[in-house]
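Dropping a structure here in structure tokens format, bear with me for questions.
Note that the chains take the letters A, B and C in the order they are written out, and that residue 1 is the start of every chain.
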Amino acid sequence: MSLLRRLSAGVAPAFVVLAAIAVVALVMMVTGFDPVAAAQAAVRGAVGSEFALFSATLKRTTPLLMLGLAVAVAFRAGVLNIGADGQFLAGAAAACAFGLAVGDAAGRSVLLGALAVGILAGALWAGVAAWLKRRFNVMEVVSTLLLNFVALNLVGFLVRGPLQEPTGAYPASATLLSAARLPLLLDGQRLHVGFVFSVGLAIATWWFFRSTAAGFQIRVTGASRTVAASAGRLDVDGVQMWSLVASGAIAGLAGACEVTGVTYALYEGLSPGYGYTAIATALLGGLNPLGIIMSAALFGALGAGADAMQRDAGVPAEFATVVTALVVLGVLAVPGVMKNWARITGRGEQ
Amino acid sequence: MSGEGFALELRGITKRFGATAALNDASLAVRSGSLHMLLGENGAGKTTFLNIATGNLQPDTGAILLNGQPVVWRHRADALAAGLSAVYQHFSLVPAMTVAENVALAGPRLGAKYNRREAEDTVRRIANNAGLDLDPAAMVGDLSVAAQQRAEIVKAIARNAPVLMLDEPTAVLSPPDAAQLLRWLRGFVSSGRTVVVITHRIREAMGYGDEVTVLRRGQTALSAPISSTSEQEVVAAILGATDTRPLAFARQHSTAVRQTLRTSVLALHAASVIDAGGARRLRTTSLEVRGGEVVGVAGVEGAGQYQLLRLLAGRISPTSGRVTLPPSVGFVPEDRHRDALIADFSLVENMALRGIEARRGVMPWAHVALQVQSAITAFDVRGGDVRSTASALSGGNQQKFVLARELADAPQALVVENPTRGLDVRASQEILTRVRDSAAAGSAVVMYSSDINELLATADRVVVCFAGEVYETTLDSDAIGRAMVGVR
Amino acid sequence: MPTAVLDGFLEATVRSATPLAFAALGELVAERSGVMNIGLEGAIAAGALAAFLGAQIAGPEIGFVAGGVAGALVTAVFAFFVLALRSQQIIVGAAVSMLGIGLSASIHRAMVSAGESTAPVQPLASLPVPGLSTLPVVGDALFAQPISTYLLYFLFPLTGWVLYHTVFGVALRATGERPLAVVAAGHSAAKIQLAALIFGGVLAGLGGATLVVAQTGTFSDGMSAGRGFIAIAIVALGRWTPRGVVAGVLVFGAVSALQFLAQAMAWNVPYTLVLASPYVLTLAAMAIFRGSRTAPAALGQPLDGGL
């Protein structure tokens, strides 16, 4: 790639994010909020202190990074997995149920078991959609979406029934014992080992796509199904199915880590739209695992900042969702406008 | 030639796409009431000319005149409204809708009501008046190729346009259907309309046309009434050189002398193919291809060669019967962008496509890069090096690269489908020489070509596909032509 | 089952089905023209909020109309990215969904913290049709509804008529099957898709509006509850025909109304599982009916080449 293209590829995401923030600042002013105060509170809350950095931003980055990787794996195979939320919840529910069931009985290995079960549950949840697609030709866009709602209601059922905490007063599970909790990385901070897992997973995924045959098979399938089938003689349906399952497995791990590392319990609001933010994260990172580390950190900061914004400056945290949405649109707009400029301005071919 | 009596004129048209000039000061003058043939090789600029005439593209310079009046078209709709109708090479029909609906689609007013009975009556009337056999209530997807073309024509004449242009109308028709169409066009012209036919088939053009224009490399090489020129002159204008058909060289250059044919390498045993929609695309067929021979395959579009080739290449499985294949079969499909190359991937990645389904573990990228280097050198692939992406190469070089890739591990069999489509004469020659050389080295080669002369120059024996059946014929252009129609 | 309960169940069915019917009908037209708009969810959310605001200012009828306008605006964003920039429809749709949901939630939150009233607005009046509304069993359910529901009774046959009995309808269906044929005939495929999308957006907005002015009377975060996505599933289930969509919407409405039935009949079924049943049902139905084989051939593909 020419230097100019490389530069624009690196600069464009930053530009997009700034533009998104600018638009939201405008909306804030219109609805009567002070964007400057909001920004100050947000920045303080995201990176303004050690606590902010580790216990707010990076803690949030962990699930976003893993989910972003999950979405990227599927997208690179040409599979539109919009169900990362549901797979995340499935993993969280399974890990929590396992941890509560085993309790003290097996020492530290309960944690490993919980993570493994979480991975399996996420894989299975995505597997339902994969099976529906392979066997019945059901569009994965619709099935993964619907399964999100099923997962949410399933969790609702669990936390009001079989898994509900002993007092029966809240729709949440009992708390996991310390044997089933992920160790913390730093004293006094809420950042847990899951963060290391997620960065390690990102590097492993990067290596996977770059250097392995399976990774290349996925890339080829996503780039052109027809070439993959004809020149590559690949079983494209199979490749896509397994990519979706792998995607679900990673999302399940993300859920398991969240439950064993942050909340130590299961409840319905475990995923504040992480699945959709993950799409933005994956896209902003260019579907490249190393880029996704950066974009996940960015969205982690955004989430932490939004919380602080709401707490300290009284600005609704939902504005962060708007920024996320605008970022996705911005990421799409840049190449879209460049490619279609002639046509849009009427100067080009009809 | 210009002035009165010309229904359509294009003067001094230049059109560039990036650095290449598809048309360079080209001209066309079509006399009213004539059947005008526009000839030229692949890539000469004929389709670009058509697109400019019908308003799909804007010329960089030049003028268009309709009945002597200059016109400027910004959209295809302008040309349609002015009275210029076109039938394109790739049909623009909606398979899931009926003929009547397709014809109504081409109607000028979107706000009009659509009444199924009336629309069908209208189509019936137009078809009958024109002498075309067509069922308005039929679903277009169910029609034969010839019937679909009739539907396209009805669509084009439904608007009563005085000028009709057709792009390679006989390319997809069997010889008798092609002759019938050309006779119909003559009749149509005698009723006062003007028709322009774009074709690369010289005999058809000379046999049926009134006037001819030849395009070569974007310029007008010849423009004359047919009665005052000869086939030789036209051929010379098309090729631009004085040598005889270059394709004949491919056969002569090959040095192998095969005294005894080797063992059977590819074989079909009573294999048939039924597609996903339940249609029988290839009837029970048995065929053997031996090492060292080139089997040519001929057939009109949709006759079954698509399935035949892919069975032999191991890309599809037979619905019944068996296929015997060697472990390694090279396959060069007709549509490289859909089936063979990923434009945005590097040449190294594209090389790695071959054999990817069996690979496990780590990708040996360094080794693949070496393969690319030797492929570039051995096959004289120009325009790129090991670091380039596939899109950096021209069409001819891409095709050479694909062939190099498929031959990289010296497969025992090679299947190629219209390997010279869209290539200029020199690249075509290189490709065909390689194909022959592969056979000379002992591979079993199967080659499909929609150009009978190419087949005759390259193949040792020929099979013809017709309506899903496969017949062997003699190496004779008449015999092949008849077999393509089902006459044996 | 006592008649009162049956009556109530049917009434709940129609009420539940109405917002979905608006969204699904709009999406049907969009998908027949070749575009899959997952951003529908955002249009519904925006419509709900706009209806709430409009109703507060000028009454439920204005709120209803405001909802349609909001839906059209949100969908216009989608249309710009998909038609002008030729971006991937699914990704744009996900982003527009987030945008619509996020914006409406933000604005609503802003209202709450600014101390604006969040009291329920006066809903659309129920307009019983004289004569028909006294029919046994179906009378209340079908003919004692607000004007929004009656609008649907008119829109469905109108859509069918336009799709199958006008040349524009032929062109629209052709755009979803083979846009090249439409362009070759001299029409603008992009303009047709734009018209279809805006129609879909208006209807989705109206659907969101009915959630507020014909049901709860108030706005709450996440009240769209995935209806936009369910509408997409219903269009596929209904084989992309107006009649199929009506059937799908009614079935779905009935399953949603099971909540009512479960309460009224005191069934001992966990509430959350009942909530999940519509989604599970849709999945099962899509598997059984294998909807995508009759999808418009060019659905989801960006237009390439000329407009």
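Heads up, the rule we're going with is that contacts are C-beta pairs under 8 Å (C-beta built on N, C-alpha and C of every residue); 3 or more make two chains touch, one makes a residue touch a chain.
Bear in mind the structure is a predicted one, so any value in this text is a computation, not a measurement.
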| item | value |
| --- | --- |
| Busiest interface, counted in C-beta pairs | A-C |
| Most distant chain from chain A, judged by the mean position of its C-alpha atoms | B |
| Inter-centroid spacing, chain C versus chain B (mean Cα positions, whole Å) | 46 |
| Separation of mean Cα positions, chain C and chain A [Å, integer] | 28 |
| Separation of mean Cα positions, chain B and chain A [Å, integer] | 47 |
| Of all residues in chain B, the ones touching two or more other chains | 56, 75-76 |
| Chain C residues counted as touching two or more neighbouring chains | 306 |
| Where chain A touches two or more other chains at once, by residue number | 349-350 |
| Contact footprint of chain A on chain C as seen in their complex | 36, 38, 77, 81, 84-88, 90-92, 94-99, 101-103, 105-107, 109-110, 113-114, 221, 225-226, 229-230, 232-233, 236, 270-273, 275-276, 279-280, 282-283, 286-288, 290-293, 306-307 |
| Complex interface listing, chain B residues touching chain A | 56-58, 74-76, 314-315, 331, 333, 338-342, 344-345, 349, 352-354, 356-357, 359-363, 365 |
| Chain B residues within the chain C interface of the complex | 56, 75-77, 80-81, 88, 92-97, 101-102, 104-115, 155 |
| Parts of chain A lying in touch with chain B, wherever the complex brings them together | 211-217, 220, 223-224, 226-227, 229-235, 349-350 |
| Residues of chain A that touch chain C when the two form their complex | 27, 31-33, 80, 82, 132, 135-139, 141-143, 145-150, 153-154, 156-157, 160-161, 273, 276, 279-280, 283, 314, 316, 318-322, 324-326, 328-329, 332-333, 336-337, 339-340, 343-344, 349-350 |
